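As written, the chains take the letters A, B and C, and residue 1 is the first residue of each chain.
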Amino acid sequence: MKREWRMPLTILSIAIFALFIWWAQNHLNAYYIRVLSTAAIYIVAAVAYNLINGVTGQFSLGPNGFMALGGFTVALLVLPVSQKQIVYFLQPLIWPFNSFSLPQSLFIVALLLAGIVAAIGGIIIGFPTLRLKGDYLAIATFGFGEIIFVLANNLISITNGALGIKGIPEYSTLMWTWGWAIFSIIVVSNLAKSSYGRAMKAIREDEIAAEAMGINVFFHKMLAFTVSAFFAGVAGGLLATLITTVSPSLFMFTMTFNLLIIIVLGGLGSITGSAITAVLFAFLQELLRTVEAPIQLGPIHLPGVAGMRMVVFSLLLILAMLFYRRGLFGRKELSWDLILSIFERKGEGVGTTWKKEKMKLS
Amino acid sequence: MDIQSFIQQLLNGISLGSLYALIAIGYTMVYGILRLINFAHGDVFMLGTYFAFYLVMIFMLPWWLSATLAIALSAIVGMLIDRVAYRPLRSAPRISALITAVGVSFFLENAGIVVLGARPKGFPRPEFMSHTYNLGGAYITGVSIWVPVISVILLLVLFYVIYRTKIGMAMRAVATDMETTRLMGVDLDRVISYTFAIGSALAAAGGIMWACKYPQINPLMGIFPGWKAFTAAVVGGIGNILGATIGGLVIGIIEIMIVAFFPALSGYKDAFVFVILIIFLLVKPTGILGETLKEKV
Amino acid sequence: MEKGKNEAILTMNHVTVVFGGLTAVNDFCIDIQRGELVGLIGPNGAGKTTVFNAITGQYIPAKGEIFFEGREITGLKPDRITKYGIARTFQNVRLFSELSVLDNVLVSYHARIKSSFWEAIFHTPRYLREERTFYNGGMELLERVGLAEMAGETAGSLPYGQQRRLEIARALATGPRLLLLDEPAAGMNPEETRQLMDFIKRIRDEFGLTILLIEHDMKVVMGICERIRVLDYGISIAEGTPAEIQANPRVIEAYLGEEERENAEA
């Protein structure tokens, strides 16, 4: 495959896809639009999560906490002032949030701020934990998610406590969610493929050797973790403006668990793999809703079992780790070369493309 | 606050702390050997209470027998978890076992919801635990006295096992240098199995006493105590059993004292544990008793 | 103590490394001149690797100081020390085994990157230029060490001898002036060992290196080292030319004696 062809092909397919999204927004019913949007939000969060867990090999359990930061940030910024007065009846909302709200035209600012707040959260958690060897990040991020839950329940004058915030404007159209999905795929995979990404992968493979080759391990872990937190925050903001409410229970550990399944099944370290399984997961989740609904088989009535879906998902995760550890894509990326190598079996595999490039270069 | 209520709170803190300590030991032992955070450990704690609950309520067994059987069953569950979910991943990248551990934990919690029901159940605590004693003017409930007493007995048994028996010696050897110990012909899988059994038994004992203290049990009850106990293990010095005990007590006492002295902050008591964890990671990541172990290069 | 600081590329003064109760390296002093090829030998557990780890910042010495090109590097972090110009290989190969051979080498160039990660994400011309430079440099290096054919393979799939060679290439890619090789011939057959000896001498000349080398294979040490230091139980017991070391009774007692004992047991 000629090198010059890749870029135009990618741009072309993104353009076609954009057309599809535009069509879908105007023609699909609300249910499908919502599932498609959820899929896109999963992409943003999963791709970012994979950067720290799969590419850099640092086990974080933080996405739900960062998504919560992003979700509440956006809610506080875009909820109309009149709605704020209605929602916060237990305790009034604190200044300055009670006195303004961003118009729809500044939605992008709200999302960026959501990402930045989450990224700052990431720096605060990352600083004490990522300096250390061992799995302190896992335990600190897990605690962080739970603590955000505690805070969200208790800081009533900011979060409205367990009741949550209702009536958030529904700004997250398919253009927004998929726009961010594609942007996050491009940013994260460019980063992973770059020299910085190579350093991150080296840390995953052998931290001591990476350090001995001159890699500043702490900096690169922080970089991956902060970028990851940023996109998780954006995903949280998109989610808030999709389902129009946020509450502490929306961002419980289950969210992180879903993302973990997505990145494991897609292949730890494969950005495009995560993107694909994120979409599959969004649909699978809808299908499995039936498992929890009551079933009528002729005269037999099976009552719905709440929680069954999560049992299925956790079994899926365990079985995947035991028997299908490389996931769909292993560490490969979906690329034009990979697609071509599937079509023309005898052609150059992914592994041999470098040779051609080398000849071109030298 | 007068001295009597202070002593009351202190005893309360010690009893909560000994429960954290019992759970923390399981975390720290497994971490010391496998470098694995066994996320499912808190859920074994939960299972222990359910075993005891059903043995008392359905099989109508006497209380002491139910507790013993529940502890034994939990030990078997712990060994099974290792056998099924962790052992196949011993040579895999470390992150694989961690992810699996999260999966097992989530499985136990949700299977618990499906099978045992999400609604909390009232735990039938024995009379001696709920009885209120009058010690020189201070009113102290049975749990505040018996929990530390039983915990100390369990700890003494544990230290005997670790320092005076062959299997305990093997555990310490494996924790110090797994490769050399294996070369000397020690059956690693067996040692690891026993480690899981002992840790799970202690967690179950802790769980049953927890249920005597807070007699409402539900399938998610293991999450917070589990996480705090792991924090206790870090605070004490991960891998160090005595450290886990001290860490547990420290966390338990701080938690009770915050609620007692700053009632307005009681909603945030869980957040304080997090703050303690972050402070320790910043200032003394090796914990109170842990020593700096440099990885051999 | 001040002597040698100017002409020596590496100076270690009274370096002591302890682990708990064990003194792995005791009061170790050495001066290494630019361009030298020095051997560090001693029985198993003598503390040779620990000397390397002290130089490269993996372990922090309890006592003593280390100077590289006149600059004190004691207690600095390993990546800083590498950036100053010291590179190493590991006794137990520690490649980035799931990365390609080329990527293993390119990781070492990263420490020199000037573009920020923003530029890397958004593919600015400067970043692309740098990446191109790294790529060409990496390929050229692989060419020179004879691994260019395998550039696209995963490092973990290479045969053992080539893995060791790749470790050396990866160290060279950091652009060192001092190279530390920890038992480069371990696990090699006599033919591979012979090639390795030529290879080490060649890279020293081509890259203008100073080399400190740990090796158990006496043929290698005696064959290429100009000066040899002997360590036993963390203490320096002898230093000299290969001929002097071979004739030194203390060395024979401590080192060769043990080998004979081992041979007798085997």
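As a convention for this text, a contact is a pair of C-beta atoms (placed from the backbone, for glycine too) under 8 Å apart; a residue touches a chain by one contact, two chains touch by 3 or more.
Because the structure is a prediction, the values reported are computed rather than measured.
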{"item": "Touch-based graph of the chains, sorted into line, ring, star, complete or other", "value": "complete"}
{"item": "Farthest chain relative to subunit A (centres taken as mean CA coordinates)", "value": "C"}
{"item": "Subunit B and subunit C, separation of their C-alpha mean positions in angstrom", "value": "45"}
{"item": "Between subunit C and subunit A, distance of the C-alpha-averaged centres to the nearest whole Å", "value": "42"}
{"item": "Subunit A-subunit B separation of Cα centroids, rounded to whole Å", "value": "33"}
{"item": "Contacts with two or more other chains, residues of subunit B listed in rising order", "value": "297"}
{"item": "Contacts with 2+ other chains: residues of subunit A", "value": "208"}
{"item": "Residue list for subunit C, restricted to those that touch at least two other chains", "value": "58, 90"}
{"item": "Residue ranges of subunit B touching subunit A (in the complex, touch as defined)", "value": "35, 37, 85, 88-89, 92-96, 98-100, 102-104, 106-107, 110-111, 113-114, 118, 223-224, 227, 230-231, 234, 238, 267-268, 270-271, 273-274, 277-278, 281-282, 285, 295, 297"}
{"item": "Residues on subunit C engaged by subunit B in the complex (per definition of touch)", "value": "19-20, 49, 53, 58-59, 90"}
{"item": "Interfacial residue positions of subunit B with respect to subunit C in the complex", "value": "291, 294, 297"}
{"item": "Complex contact set, residues of subunit A against subunit B", "value": "53, 57, 59, 61, 125, 127-129, 132-136, 138-140, 142-144, 146-147, 150-151, 153-154, 208, 257, 260, 264, 268, 305-308, 310-311, 313-315, 317-318, 321-322, 325"}
{"item": "Touching residues on subunit C, where the partner in the complex is subunit A", "value": "56, 58, 77-79, 82-83, 87-88, 90, 94-100, 102-103, 106-113, 115, 117, 120-123, 127, 130-132, 134-136, 139, 148, 151-153, 170-171, 173-174"}
